[in-house]
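Paired with subunit B in one complex and with subunit C in the other, subunit A is shared by the two complexes that follow.
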Partner chain A sequence: MGNNQDSSIIDLRNLHKCYWVGTMPFPALHGLNLEIAAGEFAVVAGRSGSGKSTLLNIVGALESADSGSVEVLGQDILGMNSDQRTQFRLRNIGFVFQAYNLVRVFTARENVAYVCQLQGKSRKESMEIANHWLHEVEIGHLGYRRPDQLSGGQQQRVAVARALASNPKLILADEPTANLDSTTGRRLIRLMHELNHRFGTTFLISSHDPDVKQAAGRLIKLADGQIVDSWDEVPEPPQSLSSSCPSSHLPLGERVRNYIKLKRQSRGGKRRGGNQRRS
Partner chain B sequence: MDSPRGLSPITYLHLAARNLVRNRRRTLITLLTMIFGIATLTLLSALNDGWLNQMKTNFILSYTGHLQIHAAGFEASQNLNDRIKEPEEVSRLMQSYGEIVGWTQRIRTSGLASVGGSSAGVQVMATDPEQETWVTSMDQRVTSGTWLRPGISHDLILGHTVAQNLGAELGDRIILMVQRLNGEMVSDVFFLRGILETGAPQIDRSLALISLNSAQQWLQMGDSVTDIVIRADIHEHTDALYRLFTQQLSEHKYEIMPWQELDPMVRQWLEFSDAYGFVILLVVIILVIIEILNTMLISLHERQKELGVIVAIGTTRIRIFLMLLLEAVMLIFIGAILGYLGGSLLVYSLADSGINLTRFANAFEFFYMDPVIHPQLTPDSAVKILSATLIAALLAGIYPAWRATHLSLSQALRIQ
Partner chain C sequence: MNQSTSTVINTILTVALRNLLAHRRRTFLTIGAIAVGLASLIFLWGFNEGLHRNMLGNFQDAIIGSIQIHHQGFFQHPELSKAIANPQKVVAALRQADVSRYSMRLESFGLAASDITTQGVMLIGMDPLREGEVTQLGKRIGIGRFLAPEDEYTIILGATTANNLQVKLGDEVVIIGYDRFGAMLAESFTLIGIITSGEMGLDKGMAITTLATLQQMVDMPDRVTTVVIGSDESRVPALTAELEAALQGERLEVMPWYAMFPVMKEWVSLHNGFLYLFLGVVLFIVLAGELNTLLISMLERTREFGVLMAIGTTGYQIAAILLVEAVVIGIVGIVSGILLGYVIVLFTGKYGIDLSILLGSTSRFYVDPLIHPHLKLDHLGITSGVILVASIFAGLYPAWRASKLQPVEAIRNG
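Up next, the complex of A and B:
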């Protein structure tokens, strides 16, 4: 699938990212380089905590990086302010998340129509577009159901329809099959693959699901925040934490907040924030 | 901001409403708390207003009227030399204003009343017996005997405490002594025709009431008087009348005093009750704010992930802010309206019978207060309550909405 034209849709160079809990740094990405061409169906694989979500969130302009350069669709994302990022996401990127990612009070159709309305389309037009995409993901008859009246697989299909409805060039899917049984997961992946073929939309999917990896047009292996060629390859550890996570990357407000948090914790308060680390 | 295209206000309303319905039980509990608070607030302020209004009415009807016109300086000097020499100039204005339901002329001066061996200082007041009935209810407060006869007579009505102190009984000969304009002391014999109980102690222990014509002749005052007393159709017209008379009459010749200025004590009482009403308002509003803040923050916490997703797919911060603000405003709005309606129902069910406080305090018997309070809804309190709750809604809505715009996406999206 990966045609090596110069039309790269994602271009990441020397990307670094740390999370801070108190003054404790959690390195997520160090020195990552990645290029994805338009139309690819790429899968990022790696065990929990390897940095898959972080990578996708940075590409999707949801989070910022500490250093390096991030070009998506030829635009420098790190230089954007928060409203510019929102606009960028709205126009260019579709998202599918692992679970619970529909608006609970909207019907399936309204969930899909919502992004079109955000884009400025009328309610009527948005609803028509929503119907169209729900048909494309083979649940056209379920448009009036609320998320809690849909199965996990159906919900993810709604999410895929929503991601496509904004007519994006790039779809980022963070472990889309993790909450589904393997048959349903396989069918979802097949559907995404098909959409990739038919519409040429680029997909970047994170997963540690073997089925997903198998379907990948290109498999990107992530270990400890670095891309590796084979799983046997042990990424060389960063020389020291302070070099991979210089605290100067923290904004001042964050540094002050961390300091206060740490003070509180050391006073015997419950440890917070750190348990946000997910698997 | 949004055109009919895109996300219309209707969509926001829809979303807010559904989010409120989403956690039915919590919304219901919050609403019930608010309804209870605002209904209580409505009832309390209706009681306060009813009580105040009764007090005002009693005060105005017992003696002072809504507005008094004196010769300039009379209220301070209480001297007959500061009198209205041409009452015509004032009285011809009376016909022109529909807000005036009655007016009367009076003479006030201090004097001495004696009967048998005892005597007491009194406030001698002379009024036109017919005109007076249009202004105050003094004629109905005559507890024994009868009201003054018009024209020249030797009729006298005493406040019931004065009568008691003097040991005077109906039909007794009572000698009144006063000072004429020229300083000469004169006295005359009057017959006690009635005893008056206004409920205001300072009046009941000093009033000696005679007819205007008798006084004018006795004191050799011609047509002149000291007070022209006016009653308006409703309390709220006092200010308008005050302004009209101030425009029409020279301030060098006349002083025009609304009822609040005639008795500083009453005024203080009214101000105190206003302050009391304000404190109740404040307390209830603070409770409403806390309740709404709590509900919104909990619901915000539960929806972190969903909000994260909404932001991720392209909702701007201002939209998130408005969405959540609208939810709080909607919640308070429903609560305020239902609460106010509930309160109004309570008020209407109590309005006729009133709340009887005689058991609690004899103190209610004096100072123009009625022992039975009839709650009263006023447009003023409705505006106050509803605008205060709206402000509360904004205050309670802004913080959670602002918090939502500062959501950490990296954390929100990783919540399972």
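Up next, the complex of A and C:
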């Protein structure tokens, strides 16, 4: 798998990502390599904080990375500007988030039709597509309901229908079952798996739910921002924080602030040194 | 592309309108605030306009008319030697301009004397038949009557003057004046009327007789110093210019009321200035109220906007949703404000607003206690336009903030 360039839908090489809170670095991904072929049903598993969301957000062109290369559907995501990313997401990727995915003032059908309309399809055609996908996720009879008239599981099904309605190659689902009870969650995962089989759409799902892991066609184990082969394996820690989060990746504003602070400290230090009162 | 653009626009409109309807109470409170603010402004403009019309009308009706024509310099230094050289030319110009409401006067200074004392007075000879065309002085004679055409050496005094002289109807009043060469003249008049207008300018220092009598007294038959013209307020500037052009080279001055009494005009401008100040205050309230509503609406949808952006909605489209909401709130608020304000002005304009409780009878000056509000279109246009712009501005900041949202952060923190 993965050798055939055409069938590889995600290709991540040596991916690094740090978050900065002020000048404090929070490493999220270190040197991640991952290839996912078209049609896979892949689950990224790992504890909270292991970097699952970060990974999915970078693949989904929602976030940038510090270094490495990200190719999705053969396109270099990191080189895109914000408008290109928006268009890329609209055309190629379906999203399912953890909860509250839907527009409150739209019915289920309108929520699904929304992406088709954004893509420029007429309202009528969009509504037909929405009806179709709502049937596929087995809630065709609830299309007229608003999100607040649907259960959590039903809402997630609407989100899945919406993700499929734009006819994407890839669907990213970040902990789609986290807000559901286990039975409902299991059913949702089974449904997604089925859809993956029938339509060949690639799924990349993040979860720390054992049921989800069980259903995985391929399980990607993530620990401390690195992919491990088994949970027993302790990932090699990066040599140092400064090597995994070089301050050259610090946002410009912070770098300037940092510089000014250091300057002031050194100046203030000298002055304090001059008229020391402690004896 | 065109078809798809319109689909996208429709979708955005739908999101915006649905959201406004989903939060009916908040939406209608905001719209209501705009409507009430605008309606009260419209009413105030109407009231102001009614007050000004009333006041300016009464001011002109009292004695000065809308426009006066004199010999050059007469208004500053009234002297009989500055009589109008050729009144026929003036009459011809008035006919040409289609003016029928005019009257001739001879005006001079003099002293009114009784057995008790003397008082300086403005001596006016009026045409008893034509004066009613330009002023309502005849209606302000509280005691006695106005001049009649056949009167000879009858006189009307202001209440204060009559009081000071301690004369009553039928009494003899001696008027001492000067002819155009400065020679002193004195004649005896019979008091037939007293002006009780409550206005200082009229009640004090006026002595009015017939034009023919005064012409005879100062030995200036057929001569006049003043032509008083009555005109629609809106025509005054144009008519002034027209008459000036027609009478060029005649050594005459054509003076509209506001050239003779600029204070009155300034007073009107001052009033309007206050209303613009009030417009500013209402604008601020509208802006703050709507900004607050839209900001709350934006903040509570942060997560939703984040999801919409993640699935392919652009920042501009998100901004458009909020701007549409701002514009709809603004337009609905303005239309209902105009309707409400218009109905109030129409209603109060028909029945009038009685201010007699507020205005003591002596402090009314030129104001009737019954004000009939009247709406001018330019005031309506300016006010509505400014509030529309303000309501759009109120949407700009929330729209800008929403368009800058980062989907990941919005979904995490929303």
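Everything that follows uses one rule, which is that the second predicted complex is superposed on the first by the 244 of 279 C-alpha atoms of A that agree within 3 Å, B and C clash if a C-alpha of one lies under 4 Å from a C-alpha of the other, contacts with A are read in each partner's own complex, and residues count from 1 in each chain.
One rule holds for everything that comes next: a contact is a pair of C-beta atoms (placed from the backbone, for glycine too) under 8 Å apart; a residue touches a chain by one contact, two chains touch by 3 or more.
Keep in mind the model is a prediction, meaning the values are calculated, not measured.
Superposition of the two structures on subunit A leads subunit B and subunit C into a clash. Contact with neither subunit B nor subunit C is seen for A:Gln156 once the two complexes are overlaid on the shared chain.
Residue contacts after overlaying the shared chain place A:Thr201 against neither subunit B nor subunit C.
Touch criterion met: A:Tyr19 reaches subunit B, while subunit C stays clear of it. Looking at the shared chain after the overlay, A:Gln226 reaches neither subunit B nor subunit C.
When the two structures are aligned on the shared chain, A:Thr177 is found in touch with neither subunit B nor subunit C. When both complexes are overlaid on chain A, the residue A:Val103 reaches subunit B and subunit C alike. Of the two partner chains, neither subunit B nor subunit C is touched by A:Ser8. Comparing which residues of subunit A touch subunit B with which touch subunit C, the overlap comprises 57, 60, 62-63, 82-83, 86-87, 89-91, 94-95, 97, 100-106, 114-115, 117-123, 162, 166.
Residues 1, 3-5, 7-8, 10-11, 14-15, 18-19, 21-22, 303-304, 307-315, 317, 407-408, 411 of subunit C are the ones touching subunit A in the complex.
Within the complex formed with subunit C, the subunit A residues making contact are 57, 60, 62-63, 82-83, 86-87, 89-91, 94-95, 97, 100-106, 110, 114-115, 117-123, 126, 162-163, 166. By the touch criterion given at the top, residues 4-8, 11, 15, 18-19, 21-22, 305-306, 309-317, 409-411, 413-414, 416 of subunit B touch subunit A in their complex. The touching residues of subunit A, when paired with subunit B in their complex, are 19, 53-54, 57, 60, 62-63, 82-83, 86-87, 89-91, 94-95, 97-106, 114-115, 117-123, 162, 166, 174, 276, 278.
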